[in-house]
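So, here come the structures, one by one.
Heads up, the next two complexes both have chain A, just with different partners, chain B and then chain C.
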Partner chain A sequence: MPKLSVRTELLVAFAALAVLAMLPAFTSSKALVDFVIRAAAFGLFATSLNLLVGYGGMVSFGHGLFFGLGAYSFGLLMQRTGLPIPVAFALTLVISALSGLVIGAICVRLKEIYFAFVTLAFQMLLHSLIVSWVPLTGGDQGLLGGIPRPTFFGVNLANHIHLYMTSAVLLVVGLLLMRQIAQSPFGYTLRMIRDNPGRTSFLGVNVFRTKLTAFVLAGVFASAGGTIMSLFVSSAYPDFAYWTMSGEAIFIIMLGGTSTFLGPMVGTVVLLLLNDVVTRITPHYGLVLGIVILLFALGLRKGITDFIVEWFDDRRTARITAADAEEGAR
Partner chain B sequence: MTRKKSGLDRRSFMALAAGGAATLSMPHIAGAQAKTIRIGMPTILSGRVAQLGTSSRNAAMMEVEKVNAAGGLAGRPIELVIRDSKGQPQEAARVARELINTDNCEMLIDAEASTGGFAVHEVARDLGVLCMHTNSETSSLTADPKLRIPNAFRCCRQGIHDSAAGGNYAASIAKAKNLTRWGVVSPDYAYGRDTTAEFLMYLKRFAPNVEVITEAWPKIFQADYTEAITKLLQAKPQALYSCLWGGDLTSFIDQSAIYALLNQMEFFAVNMADYTALTVVKNLPKGIHSGNRYIKTFPQTPANAAWGDGYRAKFNEYPTNWSWQNALVVNMLAAAAKKAGSADGKKMAEALMGLKIETPFGADGTVTMRAEDQTLIGYAIGWGTTIPTEPYVPGVTPGDWKQILELEAEWKKSKGWA
Partner chain C sequence: MNPDALLTCFASSACLVTQVTSGFIIGMLLFLVAVGLTLIFGVLKVVNFTHGAFYMLGAYFAFTAYGLTGSFVAALAAAAVGTGLLGVVFERWFISRVYGGNVLMQLLVCYGFILIFDDVVRIVWGAEFRSMGMPDAFMLPPFIVAGGVIPAYYLFLIVCGLVIAAGLGMGLSRTRLGKTIRAASHNPDMVSALGINTGLLYACVFGFGGLLAGLAGGLAAPVRSLTSGMGFSILIESFIVTVIGGMGSILGALVGAILIGLIRTFGTLGFPLFTEGLMYLFMAVVLIAKPTGLFGKDIA
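After this line comes the complex of A and B, so read on.
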């Protein structure tokens, strides 16, 4: 995506939010409203993973940890403390940031496959903790009794449209913040580390601190996604912190593309559509998904947005080359 | 240009208008009465327990045909809208919401296993629609007042009932054969842990000499049971309890046969007496003690045998434990609609409280939806021993519902739920 000014990006974000806000006025489809809420949860989760994978070159197999942590932290805070929703949400982000700091301090020093597997180990540790700490978490039955949603500033999250609007705001604000992070000097340093950590280090950059910051930030955004999901299902389940959740996020960014900022969001929408349509038609969802993975892995060998961006680049290059050749001939 | 005179005088016009108004309103009422009622049914149609989900779907559809032939729910024919949740709770929640919000279903038959069942329960709490849980046996779903909602009911077995009946039966065998040293092999998740603890609680209550000397907790859907089998062989208990189920139970029995494990001890497997397990084990050992799940010979009535045979004839497979529960729910809903004189979810929920219906699956030919905790009681419950061929469990000792209910009340009190 070309670099835009902060003002332009703010305008784009505002326009996107306006479109989302107006959507319920044009359709009575509750399925569409549900779809946007789920897309907000998974979109934040997948885009935050892309901060690590696409921008930082850190392939985390355990990113679902933060999705699950967000869902459980928020759910438990609401069930047990009776705090107002914004306070519980802020505390959830703080808990995720602190957890990210501790886990990241151990993981980001590791390289490639070791990083991937240690993050996976931490995720499975959280999953085991959730399953075995039954009095607190409800074990494998998840948080029972629903998540209370007291009204705050006139917002009643028990109302579906209010939940939709809140999710849309969180999605747009989250994406905007991640975009600013990716386009900031910090984001470019992260790319530099991804491409050549040794050289970056020689330039005086503290590689560990930069990677750790990215890890913490990605965890915070993923936990925001988990919070939205917990509000949607009015509970939290161990599956949210299981390795398959991380696998799903990896698949989303593979599907959508890692080289563009909105690639994971596109992947999220496509995967959710695929899920919703295919499960209506056949119980062989896994088979269809497997074929789609094969098509992308063996056919396109890149994500949807990567493919589109490259296609436009190729066309532009061809046009310039043709123009140059024409000029040369004259 | 001459103005053409209308062929209607004022009186005729008024009569026609009144008739028109009547046609607009009356057929609307008649249409509403005859309008199909859509019932959403999230269940597991893919993955390792797909067979159970399919058997739930089959049984429900079979009964819907009968209910529709008899006039449907208060005159409205039922249309089941069945969706796969893949056994994932968040997917079960999504599908349940979609069934109500998009597919215009007016109520839910939640044919999920426990985890998905709790997720659908939260959706029912959120949307306020009538929800019938048909496969979740975890007692807390209806026993814990904190979880209870006025629009959700359990129309299936319950763990605490099985444990009370099983503990009492096992204690009588333990005392008769002097089985004091017991082992456990159960799946390591909430259902396995809770059901085992409850069974042992009642076993020890009725046979205080019993001591558990070894425990093995394989993961759910584990492929290899060698570790558990070796542990049990080393400890040499006189009797073994298990609440493994489905493919896990059959794999365990098949793998145990290599070590002749079950020849060395009495085996109590609560989930054995279900055709899905009975017909799949390669060499079904004689003498396994099991609670009934679904067998057409218990209750030994013509109605039950006819239902089992009818299912098998229609689908060319045996019904399962999930089948009778999903068949029953359709009849329960039909009876509730009849009592309420309406297919409105709220009115039906009120009618369901304390509703007693005749059914082939009742211990005495009837079952009751207990009003105090919106859960099913009086269904056929009993224990017996297996033989390798049909009827697989020839003599089932019926559980004593009076005693089961007394023990359940005590248990609820101990939990602070009564």
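After this line comes the complex of A and C, so read on.
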């Protein structure tokens, strides 16, 4: 992966945002606008998981916890306190960071499969709390009565286009921040821990603290995704915190590819498209999705962007060998 | 929160007997699922996230066999044999392809299969709740112990669970197969070099684990309502059991399962809203105090 300068990345992000901003001017399709909002929510969620899985080698099977936590914290704060949206959003991120700190402190010491299912257990704890604490959360019905969306700084999130723009900005800013984290010395320390934790610790790095920081950061970005989702549906449902959410996120990053930063984003778009097509054709969504997952996991064994990167690498190698051969012939 | 109910129950022997028995039957069903999970993990080093689906399929197999033959023995046999065979096929064709530490792929394959199994159950048996009903043989007057009521079937379940636990413990420590299995869990390459077909052994262990889960499903069918997705909650609980008891330990699975069963029944009395939370809390405490579980060796 070529290392781009921060300025180039800012330019790319700005260009992406400009394209997204102009989209509603060219199309009046509500479905497309909706699609981008959903992609923003899931994209932040999946990319944050890849921060753990791809960069840190920590396969969390409970990342949906933060998605659900974000949606419920934000929804409840808006319903119960009447705070302005930016304040409630910031508080949601703080709540997720604190929860991530506590849960992470218990989980990140554990290895591989233990880590995977203890994170899963914590997610199911949140799910069972949501389902059983009916007076607060509305139980199975989700947060009832909608989430109030008072205007702030002239932004009215009840307006579809305003919500779309806010989601797009959150997505691009979130991705840019995560990209900076991944490219920072911290990000490289994380990769080093993934590849050789023993050696990293010999070099004087506090492995536990680095992993915990990654866990908290990933949780914060995932809860931002959950917040977008709760704004989009104007509610929050127990399904947001259900284990299938984590399973889906794992499939998304595998589908897109864990070795590139934008892989999870590609995976998100592809899975959402697949989702829309399959649910239109058949009621047996699980059956079809399950078979697709098996095809990828047992057949291809790689994500979409992994194939693209490999193709470029192969071409470059081929070009170099060809040039070498030419030189040799001369 | 209702700690008063808990205290009243502790003061009455009738209530204690009833609660402890229902704690034990939850514990026995959990044990049968968890012990397969722990056995498979001990030998294959794979956490079978589809284990709950085997439990669910066992329950549905028993439901259908009971409906066809009217015999509870046939129902249990169908549950055990059906899921056992499924386990062997599943291990040979799918799980064996993702051995070797790639947790991401293992999770994905299992996730895919859970989705498929749940949907297949909905297609074959319908989306609504099913119930098998109590077999005639157990339509007996309940036993009364110290004022507490114990249905005959509960007693049967508890005895079944304890017999299987004892049999497993003896089998693993005394028989040749048991010794081979224990050897394979320590050093599969050496076992293979000694001329033992480890692939076959792995398939057997996985099939046996599936069989136990299916049997648990069959045993649960008369006292639980059947629905697609019933496997996932028991899967999470049996994970908690194995974390508490220690991965790879049969005694740990038994003790952990009974503890969770008792926490569930007494938790329902004292903290109805936080029953599930209590289990997770207990797990977190064990993890912090002894990360390898109560009876676990240092394999985590």
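Couple of notes before you dig in:
The criterion applied here is as follows: the second predicted complex is superposed on the first by the 329 of 330 C-alpha atoms of A that agree within 3 Å, B and C clash if a C-alpha of one lies under 4 Å from a C-alpha of the other, contacts with A are read in each partner's own complex, and residues count from 1 in each chain.
Following the convention adopted for this analysis, contacts are C-beta pairs under 8 Å (C-beta built on N, C-alpha and C of every residue); 3 or more make two chains touch, one makes a residue touch a chain.
Quantities reported herein were computed from a predicted structural model and do not represent experimental measurements.
Considered on the superposed chain A, chain B and chain C are sterically incompatible, since they clash.
When the two complexes are overlaid on their common chain A, residue A:Thr8 makes contact with neither chain B nor chain C.
Shared-chain residue A:Met229: touches chain B; no touch with chain C. Of the two partner chains placed by the overlay, only chain C lies in contact with A:Glu112; chain B stays clear of it.
When the two structures are aligned on the shared chain, A:Asp34 is found in touch with chain B, with no touch to chain C. Once the two complexes are overlaid on the shared chain, A:Asn206 sits clear of chain B and of chain C alike.
After overlaying the two complexes on the shared chain, residue contacts for A:His284 are found with chain B and with chain C alike.
Once chain A of one complex is fitted onto chain A of the other, the partner contacts of A:Thr317 are absent, as it touches neither chain B nor chain C.
In the superposition on chain A, the chain among chain B and chain C reaching more residues of chain A is C. Using the contact criterion defined above for the overlaid structures, shared-chain residue A:Ile250 touches chain C, although it does not reach chain B. Stretch 223-231 is the one of chain B that runs into chain C, the other listed stretches 223-231, 313-321, 367-375 or 403-411 having no clashing C-alpha atoms.
Shared interface residues of chain A, touching chain B in one complex and chain C in the other, are 284-286. Note for the complex: chain A touches chain C at residues 53, 59, 61, 106, 109-114, 116-118, 120-122, 124-125, 128-129, 132-133, 243, 247, 250-251, 254, 258, 284-287, 289-294, 296-298, 301. Touching chain B in their complex are the following residues of chain A: 29-31, 33-34, 38, 131, 134, 139-142, 144-146, 158, 229, 232-235, 237, 239-240, 276, 279-280, 283-286. Note for the complex: chain C touches chain A at residues 41, 47, 94, 97-98, 101, 103-109, 111-116, 118-120, 122-123, 232, 236, 239-240, 243, 247, 273-277, 280, 283-284, 287-288, 291, 300. Chain B makes touch with chain A in their complex at residues 45-46, 50, 83-84, 86, 88-91, 93-95, 97-98, 101-102, 114-115, 118-119, 122-123, 125-126, 138, 140, 144, 146-147, 189-190.
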